[in-house]
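Before any comments, here is the structure.
Order of writing sets the labels: A, B, C and D. Residues in every chain begin at 1.
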């Protein structure tokens, strides 16, 4: 008999005194089980749950990999990542992310957006601190021993390939052959080379266009993009004073 | 014991219903009639009659949602009304002028619209005529603004 | 083992004699007279009674506290968790809780009836502590052994609802008011079946003192066998009397925050909570005494240990029922009390009378 | 108001309401003569907030609408956005989504059962259902890396593929859970006090329920065979073989029963979705800015019909995003359910409603 066929239209009050026997039996069985094996709870401060490698705790960083592109800061829904000035031993003054973990909601979007997998999600979840300042993790504090599972990688397909009906290839997250490209509107460019200076990946090079400025008689240089190096951080787009750069999306 | 009300196969197609609606109310503008979806634009003054006809004549028995959108120059009230019988989710758009955001309430037809309309009144400032209990629902009673309007500046101290 | 009273009278006599000899040594006339007065029978009696009460109360309270520990641990197992972990096997949880509630601030609601508010909780606690005195541990370890001990205990028990009602009313809170009303209604509804079950026991044994009832059971048979219906009724009514799930409506936290005790804080609340367990202890003690032969048992351990072991087993069933069920509604409890438990108790009484008249025992 | 009646504020801080809301009830004796739910204590301005976030940033925020069934909100947002973009997720992603959504439905129902247990005073029901829920949380944690707010669906697919041996783990958990569910059920179905508390309480017939806008298990318990997975199939639910669980009584017990049956049906769907998952990509790249337009999408949440209406002005942030939470409407329909019953029935009636204030107040 399926249980939903049973009808309890009249609650018989007498049955309440006797008809909990089955439940008592079930609970007793449960108690025996809990005594024979271990109870399902764990003794938290001493025992901890085993988390898989992809467990999303606080974000961490592998400083050697970071190029300071700021994509994590752009992607963060809570705006808890800030790119701060950081004195690197080799590279000098650079920008590196600082995370306010008090605001962080552990979504892992920063690690997903990171083109070099420098941003990782660590399984660290005990973040309580006595002060708010203790929750602000500067790049050094943010570092964490790295394990392959901490990176967030994904594979994607291209919409155009799926629509065309042909073979659908999957691409890795930072596959440079299919990522978006920065396009230059040469007519607007004033050759200020701010984009080349700001590019964290060193993908922009001011190249001769072959034309010569009629006034100064100097060759006109315009940015040239090295797609293999570009990480589409769009810092050049943001910094361009004449807004002659734009992103061309590969779909 | 009452029987289970079963909605197996739809009785009528979307086109059928759109035609009915159009013939009854010529002012109604059918924007789109995709499978399982019906989008209509209704003038403000006949919105209640259209909804009533939809409920009683076209067996739209469920009011899913009442949404309001602030398009800066006008408000749009969107009634999402579903028909389980015909497996349709219809979208009834009513444009309201910004200086007089008043529309007939559909709470007398579908009780489920009650809190949606209160919410629209609270957050967007749309006045629903004929609503039994039009009070603020999310914000405190003494709140002076309608925060979902586009001219409400986020972060302003109130 | 000789009687607690006799032991302590001997001890008191020795102690007071010591004091008197010290006073005598001072060679001061009035102090020597005082020392002689100390050794007179009324003073010795008074002091030894005080000592008996203190020792008995502390012992009983400790075992009452053990009930809290037992519930925490056993309920934990029923729910597939560990229960309390403070100290060795969680024994220190009660003391930690006690220290916590003692350190809390005493808050009286602004618009409450201050005097009644303060009085009610102490009346409730006093009735609980007085009940301790009524329940002997064995025929040697007791506070009072009057002929009407059963009646005295029941009379003190009936005092509980009044203090609950007054406490609920004087708190000036709707939740406490409803909780107080519920508690009073429920306790009264379940008290009558409880009393009738006791009456049936009295009919069988022909004695109104616990010592006599247990002695009768030791000679004849444990009363749970002939009066099984009565035992069941008593058990159910006892769960209701101690306000435990499934009958914990007076403090059903899902609807009435903490029932009649919502406005009580600090140590008053702590003692009220402990008092629930003390009452559960007393009721399981009563059950042991009336139906399970009290301290009767093979003599390889003390009689008191038998009594306590049986009490803990009865309370285990209380916990088991709590683990198995949900709480039921007030009206259902009242209906159950008046319509089901009362007839059951009456039938039980008739059985007892019939057995007695037929001369089976 | 006569002198023998009184108003009682059950909330905003009260042991029975899970979340922050207030139920004002007018009592005559212990009988409720009038009830008025008051919400807004947890209003976070979600709809305004997302107007200042890009489309991909909203995905984890959609989790936060409800902690109990975060994945279904997450999925609804992604589905709506996909419709706005005019794209569809790859087939494999659709199957993964269906399997995970049903796991989430079981999790959500177990959370609900936990709440019912505490409301009715049986802590065994609570701890046991929490224990069973842990099995599924571990599964979802293994898949997505989080235990409550999964952030798993993406616009155009899902975040990552199944980890190694995941299908095997899921099937093991389902087998184990089926056994334990029987034990769990006997705690309620064979328990006379539970039946006394639930049977015949808060009866509501299908027509009234429909007019009040109820959806989900509460509606199905009133004898209306309404399930958007059947009526308006999204993802691959059209291919899934399952029954819509209904009950004709319309009382609290029926609502409880419907959810318990739904867990079994969900397990069926998970098994089928796992066995039929095709190979292929799991995610497509989507453009940043969708085309102009508006789109509506509704799905069957564990609590009922949840709907999102999204308006885009062609920029990278949505112009307007309206959320229709099933609980919002179910809660607005609570006064007719409560009136005439005792104050002791309030936890039973509101408990089986599966309150989640996060999605109600938004």
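General remarks:
Methods note: a contact is a pair of C-beta atoms (placed from the backbone, for glycine too) under 8 Å apart; a residue touches a chain by one contact, two chains touch by 3 or more.
Keep in mind the model is a prediction, meaning the values are calculated, not measured.
The interface holding more C-beta pairs in contact, when A-C is weighed against C-D, is C-D. Across the assembly, the mean Cα position most removed from that of subunit D is the one of C. In terms of their C-alpha centroids, the spacing between subunit A and subunit B amounts to 39 Å.
Subunit A and subunit C have CA centres that are 62 Å apart.
Centres computed as Cα averages put subunit C at a distance of 47 Å from subunit D. Each chain gets one centre point, the mean of its Cα atoms, and the points for subunit B and subunit C are 64 Å apart.
Multi-chain contact residues of subunit D (touching two or more other chains): 124, 128, 131, 187, 191, 193, 196, 249. Residues of subunit A found to touch two or more other chains are 11, 13, 16, 20, 23, 26-27, 30, 40. Of all residues in subunit C, those that touch two or more other chains are 78-81, 246, 323-325, 328, 332. An unclassified topology is adopted by the chain contact network, corresponding to no line, ring, star or complete arrangement.
Touching subunit B in their complex are the following residues of subunit D: 39-40, 43, 45, 47-48, 52, 205-206, 210-215, 223-226, 231-232, 246, 248-250, 294, 296, 298, 305, 307, 309, 311, 319-320, 322, 324, 328-329, 331-333, 361. Within the complex formed with subunit C, the subunit A residues making contact are 11, 13-14, 16-17, 20, 23-24, 26-28, 30-31, 33-35, 39-41, 43. Note for the complex: subunit C touches subunit D at residues 75, 78-81, 174-175, 178, 245-246, 248-249, 252-257, 323-332. Listed in rising order, the residues of subunit B touching subunit D in the complex are 1-7, 36-37, 61-65, 67, 69-70, 78, 80, 82, 84, 87, 89, 91, 110-116, 119, 123, 136-140, 147-148, 152, 154. Of all residues in subunit A, those touching subunit D in their complex are 3-4, 6-9, 11-13, 15-16, 18-20, 22-23, 26-27, 29-30, 40, 51-52, 54-56, 75-77, 105-109, 112, 121, 152-159, 162, 168, 170, 178, 247, 249-251.
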